[in-house]
Structures are given as C-alpha cells and as structure tokens.
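Order of writing sets the labels: A, B, C, D, E and F. Residues in every chain begin at 1.
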Amino acid sequence: MTDEHSITRMDAFTYRRVLAEEDPVVLIPVGAMEQHGPHMPISVDVLLSTRITELVAEELGAALVAPAVTTGYKSQQRSGGGNHIIGSFGFDASTVVSVCQTLVRELARHGARRIAFVNGHYENYQFIYEGVDLALRELGGQRAGVQVMMLSYWDYVTDDVISRLYPDGFPGWDVEHGGVMETSLMLEYFPDLVAMDRVMDLPAAQLPLYDLLPVDPGLTPDSGCLSSGRQASAEKGRVLASSIVPGIVQAVRNRLEV
Amino acid sequence: MTDEHSITRMDAFTYRRVLAEEDPVVLIPVGAMEQHGPHMPISVDVLLSTRITELVAEELGAALVAPAVTTGYKSQQRSGGGNHIIGSFGFDASTVVSVCQTLVRELARHGARRIAFVNGHYENYQFIYEGVDLALRELGGQRAGVQVMMLSYWDYVTDDVISRLYPDGFPGWDVEHGGVMETSLMLEYFPDLVAMDRVMDLPAAQLPLYDLLPVDPGLTPDSGCLSSGRQASAEKGRVLASSIVPGIVQAVRNRLEV
Amino acid sequence: MTDEHSITRMDAFTYRRVLAEEDPVVLIPVGAMEQHGPHMPISVDVLLSTRITELVAEELGAALVAPAVTTGYKSQQRSGGGNHIIGSFGFDASTVVSVCQTLVRELARHGARRIAFVNGHYENYQFIYEGVDLALRELGGQRAGVQVMMLSYWDYVTDDVISRLYPDGFPGWDVEHGGVMETSLMLEYFPDLVAMDRVMDLPAAQLPLYDLLPVDPGLTPDSGCLSSGRQASAEKGRVLASSIVPGIVQAVRNRLEV
Amino acid sequence: MTDEHSITRMDAFTYRRVLAEEDPVVLIPVGAMEQHGPHMPISVDVLLSTRITELVAEELGAALVAPAVTTGYKSQQRSGGGNHIIGSFGFDASTVVSVCQTLVRELARHGARRIAFVNGHYENYQFIYEGVDLALRELGGQRAGVQVMMLSYWDYVTDDVISRLYPDGFPGWDVEHGGVMETSLMLEYFPDLVAMDRVMDLPAAQLPLYDLLPVDPGLTPDSGCLSSGRQASAEKGRVLASSIVPGIVQAVRNRLEV
Amino acid sequence: MTDEHSITRMDAFTYRRVLAEEDPVVLIPVGAMEQHGPHMPISVDVLLSTRITELVAEELGAALVAPAVTTGYKSQQRSGGGNHIIGSFGFDASTVVSVCQTLVRELARHGARRIAFVNGHYENYQFIYEGVDLALRELGGQRAGVQVMMLSYWDYVTDDVISRLYPDGFPGWDVEHGGVMETSLMLEYFPDLVAMDRVMDLPAAQLPLYDLLPVDPGLTPDSGCLSSGRQASAEKGRVLASSIVPGIVQAVRNRLEV
Amino acid sequence: MTDEHSITRMDAFTYRRVLAEEDPVVLIPVGAMEQHGPHMPISVDVLLSTRITELVAEELGAALVAPAVTTGYKSQQRSGGGNHIIGSFGFDASTVVSVCQTLVRELARHGARRIAFVNGHYENYQFIYEGVDLALRELGGQRAGVQVMMLSYWDYVTDDVISRLYPDGFPGWDVEHGGVMETSLMLEYFPDLVAMDRVMDLPAAQLPLYDLLPVDPGLTPDSGCLSSGRQASAEKGRVLASSIVPGIVQAVRNRLEV
C-alpha cells in the first residue's frame, strides 16, 4: 500500500484537504497486544486488523486509515487463552471504551461523517460498541450527522471459503486464536514475523460453555493458541483475504455510500 | 419452586445459616428490560433467566438464587432490535459492570465461595465478565478463594434439540430475540404473560454483518422481534428446558463441585 | 393490582400506546437488598416500595410502575443496622446514582414527561437525587420538559397516624428498620413472608448522634432490627397504608397534574 | 483560638511531631459555598463548621483541625433553597466523595488513627459517608487501624436548648437554612459578616414532602432562606454553641478515647 | 484588601448584583496543602495564590475572587519534594479536574463570562487545564460565551526581577519549593506564619531529569524544601509582587478586556 | 535496530524467557497523534519517542521496548498549537492515565521490575505520572518491588548541544513543536516522511504566559508549528540524538541498575 490512506503517515494539511475534498470514510483498525503462541508476535491483532483495513481503504479509494487501537480488552480464555498468560496486555473495559469514544469524537470534530471500526480482537467488540454509542450520545445522536459502522473482519469470510479451508469442519472463530486463519493471514502479509517451525501442533482446545474466573490455566493449551496453526499457509491467507477484503469493501460501500 | 433457594424471599438469619452450613453455590440471573414484540412482556429476559436459575438451583440442592440483575446493557440491533426502540431500557456498560462487580464483592464478603452468573440477555455477557474480573482483582485474585462462573443459558441447548426444534435450519441465537426459543420458554413458564394471538409472523430479520450507529430502524422488523415466535409452543419450551437446565446443572457441578 | 400498570409485565406495544395516549406519570420504586431481622425477608424494601407504588398507580389511573431499583445503597448503622451484616447487599453511591440516572434518561427517551421515584430504603435518598440531577443536566434541564419527583414513602404517614400507632412516643423513621411500620406493612401485603414467631423483641437500638466506620457491631441489636416488630399487625399496616397511599397520590396529582 | 490546632497554619515538622507524640484526633470541617440570604456570606457553612471544629479541638487538646472541605454538595430546595440559585456552588456527588476519601487516605498515610468529620452543610452527609467508606475499603477495613466518626453539628443541640430557642415550636433543622440557628452562630463568631438590617423577615418556607427537579423556584422564599433570621442574636449563638461544642467533645472523647 | 472582591465573604444578593452590573472577571486561586519545610505552614500555596489573586482583583476593579481550590495535586519530588512526605495532602488527578470543572460550570451558570485560574502549586497546572477543557466541552464550547484563562503566578516574575533576586543564577521555578520566592512572598504578606529561625539552609536539591516512583526519599533535602529560603526577605517579596501582580493584571486586562 | 527488543514484534514465549532470564528494563514510548505542520506527519511524537526508545534499548542491552502509547493528551496551544486544529487527536486526561496505569499493572504482572516511560509529547507528562502513581498505589507501593522512571527525551539534550544548535538563543522546548529539533530528528530517522519544501518558515509563535480556552486560533502560526523547521537538518538530528540517547541510557543505568 502506498501511504496515501494512512493518517499516521500523512501531514495535517493533506489530511484536512482529503477530509474536505473527498469526504472519505475513516477506517479504524482495532487490535490488542496479546500472546499468539510461540510462532507469532504479540501484535498479531494489530498487524492484521491494520493490514486488512489498509487493503479495504485502497479498494474504497475515498478512505483514510486511522491509527490503530492497540489497547485491546483482556484476553478471555474461550477466545484468546486468558489474560493470566504472560505476554497478553489486557486493558479494562473503561479504557477501551474511552479510546474508541475519543476517536469518534475527534474524527467528528475534524469533519469526518463516515467512520468504520474494523476489529481484529474478538474480545473488543462490545467495548467498541459502547465507545461509539457514548460518543454519539455526546455528539447529539442523529443530529451529529455521523454514521459509524463496527465489524469484525472474520465475519466476512464466506461459508464457501470456510468449507474450503476447514475441510474437516469449522471449529468457530472463537478458537481461531493463533490457529489456521490468523497464521495464514500473517504468512501472507508478514511472513518475516511467523516462525512455522515453532508452531506447537496441539489439539484444539476443548473449552467449556462458560467462563471461569480466576481462570483454570489447565484449559488453555500450552501453546497459548486455541487451535493449531500447522495447516496454515500463505495461500490460505490469500484465499481468506480474497473473501474478507471485498466483503468489507462491499459492506462499507453499500452502507456508507462511499 | 419453593422459596427455599431464593435470597430475596429469605430472611438474613436463614441466609447466614445456609451459607455457613451448606456452602452453596450462589446463582445470579442476569436479564434486562427490553422490548420483546407485541406478544411478550418487557421483562422476558429477567423472567426466563430467573426461572431457569431457580430450576438449576432446585436440581443442585446446595444453591441459592440471588436477586436478578435487571439493569441490562443496551439492546443492540443484531441481537435485540436496537436501543432506539421505545420499551427497551439500556444501561451503560459502566453500570452493568459495577452492578455485577458489587454482587461478587458482597457475596464474597458474606462468605460465598462459588458464584455463577446465568445470563439471559445476549448483550450483557462481556460486561458481566468485566464486573467479575474487576471484583476479583479487588478481592486479590486467587487469594480470595472465590470462583465465579459465567454463562448464557441458550448455550446449553444441545445440537440435538436445535435440530429437532428448528427443522428448517437454525438461524442462530442472536436472531432468537422474541422468536421460537424465548416464546416457547415463556409459554412453558409464564403462559399468562404471552399473547400468541399478538405474535407478528414476520420473516426473520436480515441483519448485516456489522452494527451501525445511529441505528437504521428499517432493519428491525416492525414487531421488534428478530424472528417470528409463531411456531413456539409450551411443548417446545419443555424440550428446551430439558436441555438447558440439566446442562447448566452438570456444568456447575463439574466445575464448582457442588 | 391488575397488571395494567406494571411496565415489567406489559408488552412494548402496549407500553408505547399508553405513553402516547395517556401521558402517564411513571412511578419508580426504589428499594434495596438488606437484612431485616429473622422475621422478614431480605427484599422488604423492594417489596414494600413496589407494592405502595402499585397502589398509588392504581389510584392515579394514568400511571405506570417501572421496574424496581433493587441495587440500594449500603446499609448504614443508624438506619439499617450497618453494611457489615451478612445479608445486606450494599451498592456504591456511583452505582445507585447511575441506575437512577439511566432510568430518567431512558424514560425521557421513551417520551415520559412526568416521573416519580418512590423510595423505600432510607439510605438511598441522596443518591436518587444525584442520579436525577445528573440525568436532567444531561437532558438539558428545563428544556427537556421532564419533571421528576422524589419522595420516601414514610414521610406520608400523618402525625395523626403516628400518634395512634406509637402511643408511647415515636422513635423516628430511622430506627424503624425492621420495626412496627415495616413489619405491619409486610403483614398486610405479604403475610406469607413474615414469621411473627421469629421476631426478636429487643429494646430499640440506642444509636449515637454520629456514624462510625468501621462500624462498631455491638451497637446494632442482635436482631439486626433497630426496633422491635412485636407490636406489628396487619391492621396497623392498613392504617399506615391508608395514610401513605392517598398522601402520595395527592402529592403527585397536585404537583404533576396527573 | 490559637493556631496550635490548625493544620493549615502549622508547618509540616510540627505537624509530624504532634501526630507522632500526641496521637491526636484529626477533625475535618465540611461546609459548602451556598447562598445564605442577603444578610450572610456565601461561606457560612465553611465558617461555622470550621469555628465549631476549632472550639472542639481546643477542648479536646489532643486534636488537629484539617483544612475545611469547601466543595459541598448541591444545595437542595428542602434544606438549602435549591441549586438553581445564583450564589450556590454545587459540586457533584463524585467530587464530594473523592475529596473526603482522599482526606482519609492521606491522613491515614500520615499516621492519624482517629478522624472525625464535622459537617455544617445538610446535603453533604451521605457523600461524606461514602467517601469514608471507600477510603476504608481501600485501606483494608479494620486492618487499617483507623477509626472515622461522621456527624453534623446541629445534631448536638439538645432538646432543652431547642425548646428554649424556639418557644413557638421547632421547625426542624432542614428549614434552618439562613434562619435563627445559623444567623445566631454567625453573630456570635463572625458578627462583622452579618448584616441584621438586611434580614428578610419572611415566613418559613412551606416545602412539600418531596423534591422536584427541575426545581420550582417559587417554593423558595425570595430571601433564599428557609426561615427568618430576624430572631437571631449573639446570645442565642452562645447558647447554641454551649450545647454543640461540649456535645461533640463528649462524643469524640467517648468514642475515640481522645 | 477590603472584602468587596471576595465571593466567600460576600452575600449572594450582592454577588448577583455585581455579576449582573459589573460583568466582572472571576479569579480563582488554586493552591494545595503541601509541606513547605520547617519554617512555613502547610497552606503556603493556598495563602499566596489567594493573596496575589486578591491584589490582582483590587487592581482590576471589576473582579471577584472565588473560593480557593485547596485540593491540590500530589506533590512531585522535582517540584515539591514528593508526596511520600508527611504533611503533604495529594489529591488524585480526577479530583482536581472535577473541582476545577465544577467551578467553571457553576460560574457560567451564575452568568460569569470571564474566568481566570491563578495557580500557586506547580503540579496543578495540567489538571486545571483538563477541568476547564471538560467544562467548556460540556457547556458547548464557543457557544457558551465563556472565556477562561489559566496561569501560574511565578511566570509573571520578569527576567529583570529574576536577575536582581538571584544574582548567582536562577535555579528554575521548579526547585523554588520553599525557597527564596515563596519565603519572601510569605514574609511580605504573612510574616506571622514564617519562622526564619527555622529555615534549614541546605544546598538546593540536585534532582535528576526524570521522576521515579516509588520516590527515592534520599533525593529530597531533609528540609522538604528544594532550595534554601535563607536569603528571603519581605523586601524581596515586595519586589516579586511588584512584578507578578501588575503582570497578571495586564494579561487579564488585555485578554479579557476587563 | 533489530527486532530483538521490540515486544510488539516478539512472540510471547521469547518475551517470557527474556523477562525471566535477563530481568530487562521495559521502556515505554509515549507519543500522540498531533498535527506537526505541512512538512511532517501526524505521528511525529510516536515515531520519535519510539525510535529514541529503541536506540536506548539497544545500548542498554537488557531492555525491551513496549508498544508505544499513541493516545496522547490534547494538544495545548503553548506547546502544540492547540487541540482545535484538525489533525490533532486529543485524548482526555482519564484515558491517558488509565492507559499508562494499565501498562504498569500488566508489566508488573508479567514480572517486570523496572519500567521507564520515554515521553515525546510535552502535554502528556503529568498524566503519565498520575497513571504510574495510581498503578503503584494499586500494586501496594514499595511492596510491589517495581520501580518506574518517567522522562521526556528533550530534557536530555545538553546545554552544550543547545547552544550549538540554537546559536541565536534557545526558545524553549515548549515552542519546539514542529521546529528545528523535531524536524531534525525526523530527517535523521524518517527522512521519507519529511517534506522540507513544505516547511512554512514563519516566525516563532509569540505565545502569552497563560492558556486560554476556548483557544484564540490567531495565536498559533498558520503552519501549526510554534517555530520554524527551516534550519533543521539530519546532521542536527544526529547531534541531538548523540546527546539524548546516551543521556537517557546513563540515567536508566544509574537509577535502575540495568
């Protein structure tokens, strides 16, 4: 991607011109700092949500990519292994909420009228939602003239792709922590940051239908991943991306008329 | 159910004796005040989570039912129709969190060592989790000697029951707002509060893979329900309960050794 | 009471119709979960404030009863025995405030223009007030067109009734915790939940003119009640109610022009 | 009073010596900035609570007077005329709570083991209580070895004094806003700040048994006072003080063993 | 100073008249309760900021002095010796912010259109700023028609005065804690509260270019002062004041057109 | 720099090994998203604080670089041009505080015993300090065994370097927003992100000795920079870095015994 969509690499004069002339949608990647096993870096959720957002922006054209939210909510055992693990940085609900709320408030002040959060950390979703809701209440609701979409990128993997990639049955996105999807996308976009020889090929976690606190650490596989990334490949990453990116692009186009 | 498990109907001397002698698990129903279409009352989520919790308590024996949390999180369009609808009372994240946090803090002070939240309002879950996490941090984590389970009751409907009850395919729990499951359970336990002749038999909502705020009201069916309750029956309610209640009982028994 | 006034038992379509056509006052009972001695249940303050509110609604006609606030403020020694006692669930000021604030915000969004909080737990009052004040500030004060009354039900017992019921002198409402008034009202409305044979007939508490924290537990009678309920009777409950209910009805009518 | 008890006028070396050697009780006056009619200054509640506290400290000997809390809670119509009036500075509950909480936290860090809040603004009381409760929770409750008393000074006017000073019947402390008690105490201690010729001799306010927000300004007398100060005198101030000061001294002595 | 500018000593009727007729600037002194060595009282920052503000008000004419903020932020080692020292009362950021926010909100409600905070405690500044910013956001920004200045008084000592008073080189305002400037101003305005014979004439603190928490107490001189007040004199206090007061007066005049 | 110090690019297994075996200091860069004129990107403060921190880590050896804090406090006119400018993203004090507090809490949970915040956005400092203070209070102060340093990188430019780089007199770090220092460091480390032909060579801002809110936009130069970056060069960037990096390295070594 060129830098032309990235707010963080853009000077403010250009940013103001783009906002005024192109009326772009502002896309906000939301990730976390969370352990992703021995084979991937702690910033997987930031990296992937940002890269996917950049690709979406490129397709959309009239789009800007905001600085990624890196202060993700606490890892939960059933979707991220649990926040007891060293290497996960869990922020409280109130912090995640206020970071998202501020981004909406500030972008609205800047004149943005269309905003979309692109989430890459399962646990974040409800707190992004609350941040947006509080921001819009503060801005006066409908009167503000601002529309905010919120989505998680894996929801845009089509059933067709799922059945191709998981021929033995799809375990659900929640246990996809450090598994085939994330590892494949990392291999496609950040191959230097993946060490496939360090993948711990353990059976998928068998997690109960409840959460328990304090966590019972024994329920999380030793890898910290909820399923194995062994079957991941850059090719699968491309297949996933070819489903995710156009899916999000279309959703944003349809809804926000970009 | 007799009143013998209900904390709200129990005097404090009995409560203290039960806590000291029986070391019961304390079950906390969590609902909301939320519109559920023209055929069911606003308190469906409180009523059902409470009744299911009472049935679980009866099975468990050494169990108490705490006062239900009625201050549920805002209705979201994809799971409850949206909080723009008159008749839904949406509480902020911080309020839901602090109510749940207090219940854990106070029950721990009372000497309870095993607590389980039984959720009946989809949107609540992450905020219950945060409340529990903050309470345990405050109490000193593992040192507190308190274990807290969190679950949503529909997760205990088995696949077998799902395929029996939804022969034409299961639309997912999120669109079960005011639909077959909730209506059937209400017919089984609170038939006086259901008006089947007022069911609006509309097609299930076709909701996108994202949230939008401010809500586009047109996406929610006129009934406020995300699927139709027309096919509901008390019989189906019994089938559902026969899956849910023993499922939760077993989970609590296994995990908390009640 | 029929269900026709209870929001929790009403469907949202009916609720909307009533709000639009009858412009009702919305009455909000406020209680607590607090020990009330060995002879009464923990939910006395919820039960009584709710029942009194229902009776007031019935008299008023154009009135709705909102779901009761059960998250009451911490029991204080001089009015409730103290929050050190097992069986009292004390919520922080910020929680009580935000629950009340949300109810006003949501009712205003629903179109209610007249709201009244009917308090049944002494310690709550200032926190209800703060919640209402913050809600109105948020709604824009006078411009919101919403009026909110706040009252505690015992203030509507007339001097005449007091002198009839307490021939030996009235000890004050603060020490009426678990005493003649509350027990009599419970006997009148919830006789199944009162065990008169379990009343501990202890002298009224001699509490100092100050609070002390941490509490000196020795100052609270062993019953947890601040005065004895021995002299209570359903008859006295009727007399009390015959003073309270019309008093509140008249106050609401005069002020809110219902 | 000499300065020997006043923390604000004491150097820190002396303060540390006194705390270490004399184990004093630390008394904290709590007031407000609130209109008190045309004849008294806005700071009446700060002035009187501070002066009374100083006199108590002098009697006790081993006592220090902390800086007064001036950030009082919002004036309420039934006890202070209402916070709609220009000249009253109303702080939110959370602010009053955190100021009191900090004072306890910091005094405990300094080594103080006995603390007493002396309140002079009716509306403050519950928020002082919450601040103390939160501070003690934070400090570890009983383990902190800190005891905190909370009182309002008018509660120490004896019945005997009341019947002497209000021969025509006592209207209650709530309507004593700007009336005989406060004006008399001001005349005794701060005569230069009272303008008796500016007293507006209006009938006592006839306030209802409820609060209303937004306030109905018409219920507050034009003076902003809830009863008339016309009958006030320095002599009555002395009589009041002769009841209040020894009363508080004795309560503190008995409870905190100063 | 006469009392004619002091809000705390003014009755509300006069306050209202002055606000309406003179459109005054309202000046708010901001201090702290913080140790200032063995030779000066704990309230130095409150006393000096208040006195300087009073002098500014007198010069300005159309000016009122609000009650001083005494709830200052925690003493930091590099500017106040550190909040580990007994005798400093450190309030959390959120408390300082909300106190300042409330003052702006309430003064705006009273009709004040021009407000200036005069800070006398180094650590406060950013929290005053945040309080003002939040208040103005709440009031609607520019639309509120309220202007708020914020300054620290020592910034108005001219370079000329500095070179006269510190012939051996100026160490910076941060280490002026308890040193020549504060002691001289105290000698000029509150000589009774300074004990020059108790000055500990220690070398100025050599503090590093960073903060450390927990504080290394050894870095703060035993006096608690960061430089010695030995060279202080009332004469120097006059010189300082002759720079500070007119400087602030001119800044306020120019900016707020008083 | 290699990736060996960057937590975000490190897998959690390696992170745990390094923490356990090397007992490293964890360095946290703190920046902001803030306009920096037409010639530099919005993320200057994040980029520079991160790069300087990486260089410090490389020198220290036993050091890790945490994910940068990008949620900086609001731009203030006297140090950043003001938060009214489109292109600056200003976070509230409470958000900045809680982000920093969480980082300390989580790093302490991970076992880090030595932490240093390296600030690159003038306005942040007091909020970093508050976050650290709250985290340490929560962790139990000294008992936590955690030491946290806080510094701003420009404080490590020596006087010698200043006089070399600013031969015509040093205007102060506050007006160095977008000026010679920042531009030179950017030219040295991120030349692709600087457009020297877009520098607006305006006179340095003449800002008053106070802040004003709402901001008077006319006081900020049209460039948004407080001084001109025209005289910047990569060579100057190297000189600055040669002062800053070893200065911070030495300070951390001396204090934290790395």
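Please note the rule applied: a contact is a pair of C-beta atoms (placed from the backbone, for glycine too) under 8 Å apart; a residue touches a chain by one contact, two chains touch by 3 or more.
None of these values were measured; they are calculated from a predicted model.
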Chain pair repeating C-D, as identified from A-F, B-C or A-B when over half of the contact pairs by residue number coincide: A-B
Interchain centroid distance [CA atoms averaged], chain B/chain F, Å: 47
Approximate Å spacing (C-alpha centroids) for the pair chain E, chain F: 28
Sites on chain E at which at least two other chains make contact: 92, 94
Ring path (origin chain B; first step to chain C): B, C, D, E, F, A
Sites on chain D touched by chain C in the complex: 73-74, 76, 83, 92-94, 97, 116, 123, 125-127, 129-130, 132-134, 136, 141-142, 147-151, 155-156, 208-214, 247, 251, 255
Chain B-touching residues of chain C, taken from the complex the two chains share: 7-16, 19, 33, 35-43, 46, 67-68, 70-71, 85-92, 94-95, 98-99, 102-103, 106, 109-111, 193, 195, 198, 224
